[in-house]
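Given below, in the form of structure tokens, are the structures.
Common to both upcoming complexes is chain A, partnered first by chain B, then by chain C.
Entry: the complex of A and B
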């Protein structure tokens, strides 16, 4: 049975998290993500705590998750930056939880109320060292709901922090969605704290014992983590592909900006990854069918590097920065870049 | 009592220098946990980063070695989700009062039922002896060659300002330290034990103490027990009212 409701994107994330069995939420207010916290504090089935900052919020998730909770936080760029060390810790301790980043214009305080996609690189590379996060980026309120559930499941399967990207436009967008009951939920693999003898540490370890000067152990650990993340990521290699036999150009887009690209499907083929990392390998085959590939994103050109690496050739980069989501300007600039090159 | 059942004996010897106070604190915590019947089924240990930050990993309880300064919020996440677990947090002065200072005062304010033991050696031991927030005024360190010029962090003030439990002891006064830990572990809210401890390798020897024993002798003469005081003076140890 499905229930239909008019809902804001941030609320859909909160509802998706509840449907996924979340019991612990920690967060700090920030535009345009605050509604997630505000919504959840009113729900009796969730322990939702407003912490003193985003550093403590993400670290509380590590503790709560090890203690057995399905846990989440929601933030925006400035807070996401503060969470990076905790995210790395979550990867080293193999701790499942979900981080929602409702992107706004940066760097720094930027333009807090306007949407952006400037954290696409940070989502995968923001913490130090080698780690391989699973990152989703839906483009509607319905998808925010569904991919919050997927994010929780992927977190349990990979035992790692999973990132759900959203943006200021999607977060504040109202759409009617169908809330599916009885979603398939993944259970925790590891018994919660209270067993004894286990040591969870950010130090490179072998069999529960830190080995901070063992290069071979570190290489084995990283290889194992990378293989695990790839394997779980591949199960969620979701994308939308609109082929166009008449077109010589494939436009790659994601998140709210992809909504503005869709009406141009008569002129271009469109590829919209919903899983941003690990990158969708199938894309390289799809890209071969088109002479040109344009990556349009609300940043100065971040995901284009991932796309180029997948295709092993050059792509055109079309930055749409400024947070104004101007459809006519997008159409014009797409036309300009595909004819000029 | 059977100490081994509380220890990850496969990890011994510890990474600590000979004469370090961390072992004394570890032992005192084990004895206090034993007295209360705490064991691996109901207790978790958490530490941050530093020499004292290694403490959690030597308990046979499930243990967490958080990132620098973040032991408190990690512990709060555990306690808020599973209130039935006893959470023992052991960490250093740099970790708890420096980089993690903001979390400390907010956890005290929230009165989260944590048992926090500060191994207060007045120095950043692990990184080689740099000035800590607790380094006394005028004391020379490798980053304060002319003596620390800032007033030390008032841990007692921060904890007590929020109405939480505060006790101070030293690694010389082991019976008194045990008493402080017992009271702290029984306290139903946020409890903080400030355990003055010796670091000879990266602190004491540069200040003219030849051995760990010299530093312990200093604790013995420098501190006077004053249990029940509203506020402890700098030269006093005790369980505050």
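Entry: the complex of A and C
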């Protein structure tokens, strides 16, 4: 058994990245994600660089990835917004890298030291055009370590940027962890830029040649990317499901908030997706066993839309915004919403 | 064992450091621990609280809502953290900075100790957090003073090894004073 250690969530992400074989990190400090950069600059095995902003950081990841490196950045909401263009570019050029978003209360500067889950939609739809990202959202320091490794593997398998969501609570949480590698590491399939022919612009391409006016080629490319992301996403359809035969309500929750819901497992069934996108298809079967489904999230109601689409029926939305997560208030509001409707 | 502790202070008082010492001490003794720092964005003078869980089982919720024990290092922390205390919780007030009218909580077992003044006596005003932690060990049977003293070298690390002795003396001072107060109260 691996030795137990006390580690901060952001540090666990950094350690997970090192265990996954990351050699390049680019980022710009932002609360509550800065510790990832601070931790990595002290590690000689990683080239960790502070860039002038988030836009250049994500572009550096695209370049590092094309050169063959496993690369990552860590940011929070405002920085994540700035990175969206580069994330789209990464999808178009099929470059694997990992973006960690330690969410805080927004929009804009918001309340920087308080946690939120306001980027759940941005993580899947923040860039432009059609792209199909893989998005993970763990709920403990142990899982942050393990899913950073999964995120690197999923990036290599899908040849695309993968998002690892965290939040202010998880990032700053100190918790007991056992550092053990949970998966075999995936290696880069494609040769680095400069070896053989390779398309590397943001334009639609055919056979590694930019083809800006070919709708049929574009349709084929999007269909291929979509199928590939679905296939790789299905391999990582990880979730935690606590069934409850006495309950008529299924509570859907994720990230740090789910930790506050877990003690209520005597009253409710609980479904916690660890893979947020592509959405876990199996959920629709699980949801059929319950009369009501409530989605609790630290935003005004974002993932509830995904849940409704999967179930093809209405779900209740319980927003817990403001960053001051209070367990007693959560318990009260859950009771209120399930009895009132 | 399942112990939930809140430590409230203002930035710079060492509430987060005290939380970290509790977490390291719990872990070194085979427990599952979480330490959640919650602080405001001010560089100095904002609220700074640590929520600590020490348990025989892996920790479910790390958000403390029914704390078994609390330390209030500053006046401002009392109102903010009061709703998260369990009835009968064990409480240490830093009476140097928590005014007397804030120290009249009902339904808690408490010790009022001038932690800031005692820390100055021990050798450094910044050790008030350790004096308070030491005092808590006198109130809380599940939290031995030895655990905290033994965890100091690991928590402080090699670069701060020279502060181990000062912090140990502060912990011992707090425990000794609190034991004295409790003994006088029962006699």
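The rule is simple: the second predicted complex is superposed on the first by the 335 of 341 C-alpha atoms of A that agree within 3 Å, B and C clash if a C-alpha of one lies under 4 Å from a C-alpha of the other, contacts with A are read in each partner's own complex, and residues count from 1 in each chain.
FYI, contacts are C-beta pairs under 8 Å (C-beta built on N, C-alpha and C of every residue); 3 or more make two chains touch, one makes a residue touch a chain.
Keep in mind it's a predicted model, so treat the numbers as computed, not measured.
In the model built by aligning both structures on chain A, chain B fits alongside chain C without clashing.
Contact with chain B, but none with chain C, is seen for A:203 once the two complexes are overlaid on the shared chain. In the superposition on chain A, A:112 contacts chain C only, with no contact to chain B.
Of the two partner chains, neither chain B nor chain C is touched by A:43. Contact with neither chain B nor chain C is seen for A:218 once the two complexes are overlaid on the shared chain. Contacts of A:192 after superposition on the shared chain: chain B is touched, whereas chain C is not. When chain B and chain C are set side by side, the one touching more residues of chain A is B. In the superposition on chain A, A:56 contacts chain B only, with no contact to chain C. Using the contact criterion defined above for the overlaid structures, shared-chain residue A:260 touches chain C, although it does not reach chain B. Per the superposed model, the minimal spacing between any CA atom of chain B and any CA atom of chain C is 28 Å. In the superposition on chain A, the residues of chain A contacted by chain B and by chain C do not overlap at all. On the side of chain A, the complex with chain C involves touching residues 4-6, 31, 111-113, 169, 172-176, 256, 259-260, 262-263, 325-328.
Contact residues on chain B toward chain A in their complex (touch as defined above): 8, 10-11, 39-42, 44, 46, 56-57, 60-67, 70, 72-82, 85, 102-103, 106. For chain A in complex with chain B, the touching residues are 23-24, 26, 47, 49, 51-53, 55-57, 59-69, 71, 85-86, 88-89, 93, 192-203, 209-210. The part of chain C that touches chain A in the complex is made up of residues 19-20, 23-24, 27, 31-41, 58-63, 65, 83.
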